[in-house]
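Below you'll find the structures, each written out as structure tokens.
One chain, chain A, appears in both complexes that follow, with chain B as partner in the first and chain C in the second.
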Partner chain A sequence: MSAGISNAPGTSSGSLLRRAGWRLERRLEVKPWHEVVTLVGAFIIGLAICSILIAASDKSVVDSYRALFDGAFGSRRAIYETLVQATPLIFTGLAAAFAFRAKVWNIGGEGQFFAGAMGAYFVSDLWSGVLPRGVMVPVLFIGAAAAGALWASIAGVLKARYDTNEIITTVMLNFIILLILSYLLGDLWRSPDTFYFQTVTLPESTHLPLMIGGSRLHWGFGIAAAMAVVVYVVLRRTALGYEVRGVGINRTAGSYKGISVPRVTVLVMAISGALAGLAGAAELAGVHHRLQLDISNNFGFVGIIIALIGRLHPAGVVVSAIAFGALVNGAVTMQIQTGIPAALVDVIQGLSLIFVLTGAVAVRYRLQRTRTDESLPALADPTDE
Partner chain B sequence: MNGSGANSVLLRASGVTKRFPGVVANDDITLEVQRARVHCLLGENGAGKSTLADLFYGVHEPDEGVIELRGEPIHMVSPRDAIAAGIGMVRQHFELVTPMSVLENVVIGTRGEAKVDLRTARVRLGELCDLYGVEVDLDTPVGDLAVGQQQWVEILKALYLGCEVLILDEPTAVLTPEGIERLFTTLRRMASEGLTIVLITHKLHEVMEISDDVTVLRRGRVVRTSLTSEVTMAGLTRMMVGRDVDLDIDVAEASRGDLVLDVSGLDVATESGRGSLKQVSLVVHEREILGIAGVSGNGQDALFDVLVGMQPAAAGTIVVDGQDMAELSPAARLDLGVASVPADRIHQGLMMDFRISENLILGRQRSDRFGRRGWLNQNDIARFADDSFANYDIAAPSPTHVTRVLSGGNLQKIVMARELAGQPRLLIVHQPTRGLDIGATEYVRRRLVEERDRGAAILLISEDLDELLNLSSRIAVMFDGRIVGEVDRRDATIDRIGMWMAGVSGTPGEAPP
Partner chain C sequence: MSDVLEALVNVGVLASAIRIATPLLLAALGEMVTERAGVLNLGIEGTITVSAFGSFVVADKADSLWLGVLSGVGAGILLSLLMAVLVSSIRVEQVVAGLALNLFGIGMAFYLFRAFYPQTGGEMPRSDTFDFAEIPLLANIPAVGEIVFGQHWLTYAAIGACPALWYVLNRTQFGLELRSVGNNPAACDMRGIGVTRMQYLALAFGGLMAGLAGAFLSVFLSGLFFVDVAAGRGWIALAIVIFGNWRIGRILAGSLLFGYLDAYQLSLQARGLEVPHQLLLALPFALTIAALVVNRRRSQEPLHLGVPYFRGER
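Showing the complex of A and B:
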């Protein structure tokens, strides 16, 4: 191999960017508005690319997206329905975001969602006859949070104690909890009047009150939004949040300065699990009112995408959860009106994620105008990829 | 500018300005580097030295002005362009792939070839090592090398890529005196072979020793470029900080108080066995600075780690104020009033993605000083940050900026400000003035003495003998994981300490046991 690289200034093969008089410069500080631009930009590019798919299938892009938008936001009803869809995603998105901030990779949101739903069902089953709704509902949420936290803590403790890879344990725990649930639904918890794997419908005293009468929008959404604020405040304003972020940034320096990384890991897992568990309670007590195997529409997994698209920021999580809720909701209308399969929204989701992740790298650079002095000889290949 | 020998100018910055949000890091800089000479850049922390070097290396592009090489303007978009043009650089914070071997790290920078021929590379690299007298094992993973060695890998990388100008950003900060001697010998050989060297350093005697030309920067501007033979250290200091600075600060004798730290029979095992501790015993009292001298790699890191609780002791006791803390967690030790400044500030001392103000409270985020019951009080934090900025003259637009934007010396100031503010009972500092400009060095040394006078017990681990002789009440010397000798400052001589550092025990004149 010729090791030395020619010392002579190369000839001019500048990148397009540079010939246009621009260059990329790395920036060390990413401002909040950069994140907002990334998020919005990613959704727009995702939609734009899908419009090519729509056009390719000989459908009108404008009509399709209008139907999508109408289905999502076209009427009060549509908006409420969108928020209903967004509710569990806000919880699971917050769960993932909180854990990821500490670089604790909790992929078990799905299992913790079910653990939460089971916890909620368990306390409802136990006390719905004796407790009034005003007490029952909070208790049911507490039960869900506790169950979710407990389930996630298994992975947390294994990681803290034995340095077990939490990605693997949390994924495995997803399977385990589903098996436990199927067992319970087939046996102890099975409703006596059905052959299906489902429980009895829970009594009124366990039902979440509605936020808007006559719609399906229940207070789960309000609680989810409140939790976003709580997570923000915890991360920004408390010593715990400081330590969580610190462990995510540099756990070595954290340990030197007395932050117990194992302790933070277990706590983060538990809190993350509790948040995912709340999603289970909200779905059980706000929408389904009985426990069955299909109460989750992959909420735990989609929550991870939501968290990443929301740049691990609670506000970002709320925004992207609502956007996803809108897509899911609007897709139904779109399918009915134009015949485009609702699965298209999965493509939009996937593309948005890709672009957000790309954008996350891109915002670390800024475009700078360079002198358009073409007399300057260019050197060898610049950083055009 | 130098009028003489204008036709031998190799690298030139003319009218170069570089702005970052909130600061003008380089302000209309014009500078000429002559071929086959050693050119030093000197200036306070944050003066813009690294930024200027980055402009030469294509990391940044000037907002105004041009960089010229061999009289031609060159337009660099990335270090690749610089490398292609024959400019190499060892940056202040290394850029190595630590799990990979020395050889792999060196060839990783070559591009354009799909397949790397490691065998040829090995031969060529061996030749380079021979030519410049570099000793490094090509197959060791870089992560296992000491920092000083890692730096040689960076230098090899630049040479391998065929540089004609080699820029070194504070290379001596991570080297022992012997290492510096070796580096300088090599640099001189390189210059005589026709290589051009640009060297950044804070140490004036190094400037005087190695350089042919010196340029002083101040607040982003060039104060002056001179022939080194025509300037004095005092003159350079005045150009750099605008006043006289005497680093040999006046340290009054202090009567030592109660025993604070009592370490006895301490053994620490390390995986490789290198840098382990064997039967270390030492004591530090109130109002006393115990200096630990020694060539790096002789157990200083293990000593630091075991004292702060990051490494378990295999045997022995660490007693602070009568309590054995050998089994305590780092957090519990902080509660006992043990503060520490690690040598590797970026990895062990700072959260680079935190705000500066957040880093200033690291370790005390749960103390009443900055909040209550787990809540952080933003006002208290902001006020403390403002005080620290003022006291330590920290050069940054504001405390809410991300720590990453700080210059190397300012990072160290953040750590010092944080650790000294807690009024520690026991302060363990490792290379506290590494990378600091002389003004800041003077300030930190004064602060250490003030802390001593306040009543703190201080363990000062340093490779800077001048610093140790100036500040310490007693000096102990480490060699191969043991304390091989200890001496009162009054009786300390460079010779005696040097002997111990080389592993010869006993006192001069006596036969070693």
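Showing the complex of A and C:
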């Protein structure tokens, strides 16, 4: 595979291919349907490999996947629950997609999620007794966005000023914020009536209203979907979006066009952090209502994966976040009904991503039939296509 | 207060610092070599988890600790070779491939763990563990004997690997070539040094070392496997490589420092002292960021780190 895709003419498998009368060449243009086929194909291969795992543990593959699907989409309730699971992933997915568009590698979504949740808790703690719900909830989201932006900006400023590798700094910042939170939960923010590392339950005035009464589906999903539209518009229709994409395509050329690359870097980091922070607010105000160390199910990291599977496009992010939410949600039913460990879903997600990545490269090439007779020069042969 | 100070030089704390440093050192050395060949492997956390599981399950089921270590290392190498296929052959973005490997590796390890050991609610399954390998005579020296010469054999091996690795990287043709691949793959290609081959080798070595780190966690330290067995050590190893500015001596020092901070805060917690131990735990990460900024002018970071190499393009 390697040599075939590389442009290395001399390597062994390349000549193997050629001897068989095929050659790989770069496509001039990758059409959208190529990408869709790749994505669906990757997901199917991921599922197929996992069915081997299921079969190996003497369980019925069909029953297992049916339980997975039922749990995810089998009923109204299941669908709402899937959307609940998808909500934080849409935010963190958008956060990663926005940064990656500018080739700013923000791996700190996980930390910014917690920064956001902490910001939301901080303002709730301060004002939930004073402000009515209609004001408190927006304030809480603003607090979360600000905290997420602030935390991410540290990495942004360091990159802009000292050219430090943001992959490393954001990963380090993930750990630092979790430890700060752990400290606060053991001290200042600890609920007095419990031994656990958790805050008190926040009052009703901070709770996000439900989108569908009687379900757990809260307005966080609506906000997430709206943010997807906002991100799309910003990227496509504003000067900032132009700069972001410009820096992403070529940092040097961007600076020649009058784009201040350091400014855009900091701004992109901050916006990306704000989006991840909103996920923290949505989870705190929509689901948990109190701050704990385990309110994130790896949302920040999974968001990165979702962004890539969604091809860094807001609509793609929403679709793949819902797909991942469905997997997580369906896995619970699958585990209960068939005894297949829910961890299988992580394997499916990881494998799908690996194949999506592979497919994203592979889709740029195509196999082309060449002449079987190698002795003739390529262009001299009139039968050559 | 005196307790807080006493723990700083407590023999038990110092001994456990070295113990805690061992998997960090192993994984960091492997990652450093990988990065020297131009590949940033963010998948160490997953590799350590997979290896810890591989060691645990084989040590338990086959009842052989040595087979356990071997299979842990094998699992680590396999996962890293998958990384090599992705980044050196298919050339997907390294950061992403690493994260994918983490998700896949940790999920796979936990899935298989649950498949082998269904949840019963009873006690956690436990494998045998290696005994400490006390060095005769030397272990009898007061204090120093317990701290330095009463460790596991893998700890001695990890420390012994430092000079060996230094020699290979800095004094052999192979080491020079490996470092060149990370700095200027195009020039290597022209000289006939196989860039892809070198990256495969470097990643395999990284997988071997992360594999040993994983084995250390399960069949040396605890005899347990759980999903969070790596507990961020893969990421800390990554931090140590940067903190150590890609130099072996400093990586050794960094591992010991980070291990020491962890051992110290653990002992403070065990004594029930009300100190913000989280701040001690956060220190390594803050120091790493500081090191990145301070070292930026004399950074040893491989010039082509994280950049896929395409022959004939760019």
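The working rule: the second predicted complex is superposed on the first by the 339 of 385 C-alpha atoms of A that agree within 3 Å, B and C clash if a C-alpha of one lies under 4 Å from a C-alpha of the other, contacts with A are read in each partner's own complex, and residues count from 1 in each chain.
The definition used in the following text is that a contact is a pair of C-beta atoms (placed from the backbone, for glycine too) under 8 Å apart; a residue touches a chain by one contact, two chains touch by 3 or more.
Computed from a prediction, not measured in an experiment: that's the story for all the values here.
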Which of chain B and chain C A:S215 touches, first, second, both or neither: neither
Partner chain in contact with A:N250 - chain B first, chain C second, else both or neither: first
First (chain B), second (chain C), both or neither touched by A:L240: first
Which superposed partner A:Q337 touches (first chain B, second chain C, both, neither): neither
Contacts of A:T164 with chain B and chain C, given as first, second, both or neither: second
Which of chain B and chain C A:E29 touches, first, second, both or neither: first
Contacts of A:I259 with chain B and chain C, given as first, second, both or neither: first
Where chain A meets both chain C and chain B, residue numbers: 1-3, 5-7
Partner chain B, residues of chain A touching it in the complex: 1-7, 9-10, 15, 18, 23, 25, 28-29, 237-240, 242-243, 245-246, 249-250, 252-260, 368, 370, 376-383
Contacting residues of chain C [partner chain A, same complex]: 40, 42, 82, 85-86, 88-93, 95-97, 99-108, 110-111, 114-115, 118, 196, 227, 232, 235, 238-239, 242, 276, 278-279, 281-282, 285-286, 288-289, 292-293, 296, 301, 306, 310-313
Partner chain C, residues of chain A touching it in the complex: 1-3, 5-8, 53, 57, 105, 107, 158, 162-165, 167-169, 171-173, 175-176, 179-180, 182-183, 186-187, 298, 301-302, 304-305, 308, 339, 341, 343-347, 349-351, 353-354, 357-358, 360-362
Chain A contact footprint on chain B (complex, rising order): 21, 60-61, 66, 69, 72-78, 80-81, 83-86, 107, 110, 112-113, 115-117, 120-121, 124, 160-162, 164, 308, 310, 329-331, 333-334, 340, 342, 347-354, 358, 362-363, 365-366, 371, 374-376, 378, 401-402, 404-405
